[in-house]
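Two complexes are shown next, each including chain A; its partner changes from chain B in the first to chain C in the second.
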Partner chain A sequence: MLGEGILKGMAETAKNFFGSYFSAERLTTVQYPEERIAPIEATRDFPFLVYDGADWEAGLRCVACQICEKECPPKCIYIEKSADKKPDYVGKPQFYPAKFDIDISVCMSCQICVEVCPFEAIKMDTEFELSTPDRFGGLLLDRKQLAKPNEHYHKIHPTEAAQVDARLAEGKAKADTRQTNAAIAAAVKGAEIPARPPAGGD
Partner chain B sequence: MFATLDQVFVLLEHWLVGFLPAGWQPAAGVVLSVAVIVCLFPALFALTVLLERKGLGRMQNRIGPNRVGPFGILQPIADAIKSLTKEDIVPTRADGVVHFLAPVVQVVAVFMGFAVLPMGRNMTLVKMDASLLFYFAIGASTELSVFMAGWSSRNKYSLLGAMRAVAQMISYEVPLLMSSVAVVMIAGSLSLDKIVEAQNHYSWGLPHWYIFTPWGFAGFVLFAIAATAETNRSPFDLPEGESELVAGYHTEYSGFKFALFFLGEYLAMFSISGLGTTLFLGGWSAPFSFLGRVPSWIWFFGKLLVSMCVFIWMRGTLPRLRQDQLMNFAWKFVLPLTMLNLMVAALWHFLGDGWARWAVCSAILAVSYVGMAWVEMRSQHFGARSYRYAE
Partner chain C sequence: MAIADNKTEKPEGWNRPPVMEPDGEGELLEVAMGPHHPSTHGVFRMDVALDGERVIRLKPVFGYLHRNHEKLAEGMSYLGSMPFTDRLDYICPLTNNWAYALAVEKLTGQEVPERAEYLRVILGELTRFQNHASSIGFLIQEMGASGTPLMYAFREREKILDLFEALTGARMMVNYMRFGGCRVDASAAWLDAARKVVAGLPGFVDEMDRLLSKNEILMARTQGIGILRPELAVNAGVTGPMLRASGVNYDIRKVDGYGIYNRFNFRVPLGDHWDVYDRYMIRLLEMRESMKILEQALKDIPAGPVMDPKAKIRGFRPKPGEAYGRIEAPKGELGFYLISDGGPNPYRYRIRPPSLINLTVLEDMALGENVADVVLIFGSVDIVLGEVDR
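What follows is the complex of A and B.
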């Protein structure tokens, strides 16, 4: 009958109203600055640069290959390659970013930079309280602001960071074996050449 | 003692006015009463806005404002400071004078309605023989202010909102008037004071309010529906439907002018609640004879606040109607029922005392309500609409 639904609805809202004084779970609001919910593990907002060791400048994994800069859909990354080279974590000489800026007012948090990075150097952060009174300079983060230790990565995304570490360790082990093999081969070669019998071969 | 408390405001006014020379006393008394009304109702408005925001929050499983002061009770002060200090922007091509006048006309017209409402025993500002007529005449001019606002803003949303508002207010003005006419027929007077007096007697401790009669109950429900539409309240808030019209006729208002519109809207709700209370709920009379010693103004303002709570409750519950539902509802359902209610009220009068008139009047109203609702729902004049999509 006409009006029945209205009465039912009014009963429902009355139940909500009085119920909210008796059961706390009806009010799902979190009083944000005072109360916080821990972010879920998949939370992401803006990228940061991972570094290993104690010194952020020496430990940056980024080799300034500029793939992320090219892939970034809103073009918020700006990289300047260094003139000289520095050894990376496997000891191979690599370029490093002389300048690495991300404009987080432009960034759309798509994570494409993270997915294309071959060096596991850029990852997504969970820090969201980034408001600043300076909307141009304050939101343009340079490499010093972006650099965060690997421990931070482990803290915010533990599972993912463990996988990344395993991959890096594997790569380092492979590189080490290759290096040792090359060294051995070189040593063997140097030692063997004079001793090799002329008819020998393989 | 109780009589003094009941008349405390009247006595206070007489005492204050007594300091003036005799020639000035009538004028000073009126000015004093007007000043009290002009201060009291905006204060009540602040209280209601807070109640509304807290209450709506609870109904929607939110907390509502809780930052300004303990439990957010100072929120109205923060709101007032905000709207007073905001920049007042007038569109370049707007009609400046009309744009300025619209909110003023709205608030003034609504305030004039309070002049004839009996807010307690001997507490009517202007005792008029045709105060109901005066009330409706003044109430109709709020439509003018709404249209002034919409037209002068030179904005399509404002104009559309104003058109909707005017169409809606004119449509619902008819049932509003018609449902009050039933009361006038039974009470035999257009004076609101006399209407309250007619309801202010008791049998077996229970009052003779008009809502406790079949025609009065039907009239009250119809009056409440029409009053909700008349004050542009949800579910009849199409003129300011924010999902399609930004804010309707007050889109181009900011700062204090917007606050005036906001104030006017709530004052209109107070005033129409006051009228409904006076017509159907016995005005300032107590709900039981043994409570008769409680001051009459407490009952009037108590009933006023209860009806405001019902307004808020409805807003928390009902979604907005569609324009065609709104119009169909007014002209094809509410208006015929108010007409029928007039007949029923006449029948009630002529059937005399006894149980027969209760049975006959209730039966007529119930059958016609159920029947008309069934027909209208079937023909989909209101209720859910079924769609047929192209293949």
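What follows is the complex of A and C.
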């Protein structure tokens, strides 16, 4: 019969339409921004700089090694190395970024900076409501705007952050052991060890 | 297939722009269709000469979305080009990642762990499924059914994109595969979620089938329209569902058996009318075959690492040489050709995009058809302009 296929197709449409009144599964959209779906943990959009402790400037993990600047495919990172050094999380003196800018109007959220960072200093944020009327300054974030505490990282990516903390603690323990060993060695070397009397006799 | 036998025999009109004679009454009307949005694929223009309703000439004009990807890649590390490949065919970024990773792995001779191969197959087939679903949606949209089938397809695509996001961190710009494996491992919870989504896919394909396949309007609009003869398809280098809809049995998953595809049991659907309806049907059938592969892969996926422990992601310099990695992307043969001169970035980086090469036969398919069918034929090619222009 001509039109049978159309009618059968219409039955499918009707099933979906009326089904949406009875089954929550058929309701696939939400009324953003009043309603929001639960965020997915792995989600990423723009990078931020992690700091430990309360003071963002002293706690920045970044040591201005500039690997991310070199590897960034769209070249949206700009770093200036500091002249002096400050102690990092294991207490070793390191450079720090005197200037760290990310132009998020250029950033394409590829997270290659995160992957190549050997210091776990740069991570991906999940904040996406960043629209601004200021086209140039508003999207060029400096290091103060980029710095976010480690707690924030734990909040947005809990699993990943726990792994990172474990790795860092391991690194710190190793560094501590090294330091202790070095201290012992130095102490041993510096100590006055009485010369042993020559063996044997006369 | 009789293609192999008469390869030397050149089919009529194989290398000249086909010309349709106007009937001599009245004047020709030249219409520029596009470039804003001839349909739902991107910025593309068709300069069409019409004699009444009949198409006499058709000139595809592309280049509006040119982004200099190939030249950029020559000045960038091998890793740096990976996120840009997402943006080629932005409907299916994971297959683009895969093709590029395959080419670099051939160049450097890296091995891919078993689990990573399975993950690649799972992600590749999910990508194929969502590409074909949305491509059918677009095709029906171009026919004038505004919304319903496309929205059904997008509803299903959304579930798959949520899976991608949970694994890779992004819905479309995934940047997931690496040379020698994959970036992160899939958790058991993710695999369970994937199994759940895959279990729901047959229902969707059946729904699409009941909704569309026997629809009289669809059949009247698509059957016998836009015929692409197998001889021409082979000579023009057409690949993918387009070629198989023309009845040529050529699927790189079967021919090359790249990755671990030779372990899976699936069939290659072929068309025998060579028209737009066949291309629609092939995509529907390929979705069913993809589901078969997905079920097998999700059942068999082994435990283990997802990255080659010897693999370096940055700062490596492949030995001088060349490599061509190709896969069966949802749209056809996607190949990356790389030449290394021993430096940290490729000396030459060339993409063989299925969309562009499939588009070259557009005029041959559209000649003599009504102008309203041209958009339909264009839609049945299933292109993405990000890949055509690069």
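In this section, the second predicted complex is superposed on the first by the 184 of 202 C-alpha atoms of A that agree within 3 Å, B and C clash if a C-alpha of one lies under 4 Å from a C-alpha of the other, contacts with A are read in each partner's own complex, and residues count from 1 in each chain.
The rule is short, and it goes like this: contacts are C-beta pairs under 8 Å (C-beta built on N, C-alpha and C of every residue); 3 or more make two chains touch, one makes a residue touch a chain.
Just so it is clear, the structure is predicted and the values come from calculations on it, not from any experiment.
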| item | value |
| --- | --- |
| Simultaneous placement of chain C and chain B on chain A, clash or fit | clash |
| Which superposed partner A:178 touches (first chain B, second chain C, both, neither) | neither |
| Partner chain in contact with A:108 - chain B first, chain C second, else both or neither | second |
| Chain B versus chain C as contact partner of A:2, first or second or both or neither | both |
| First, second, both or neither for A:71, with chain B first and chain C second | second |
| Chain B or chain C, by number of chain A residues touched | C |
| First, second, both or neither for A:20, with chain B first and chain C second | first |
| First, second, both or neither for A:167, with chain B first and chain C second | neither |
| Which superposed partner A:12 touches (first chain B, second chain C, both, neither) | both |
| Those residues of chain A which chain B touches in one complex and chain C touches in the other | 2-3, 6, 9, 12-13, 16, 28 |
| Touch list for chain C against partner chain A, complex | 76-77, 79-84, 148, 152, 155, 158, 162, 165-170, 173, 175, 183-184, 207, 210-219, 313-314 |
| Chain A to chain B touching residues, read off their complex | 1-3, 6, 9-10, 12-14, 16-17, 20-21, 26-29 |
| Residue ranges of chain A in contact with chain C within the complex | 2-6, 8-9, 11-13, 16, 28, 40-44, 71, 73, 108-112, 115-116, 124 |
| Chain A partner contacts - residues on chain B that touch it in the complex | 55, 58-63, 313-314, 316-318, 369-370, 373-374, 376-377, 383 |
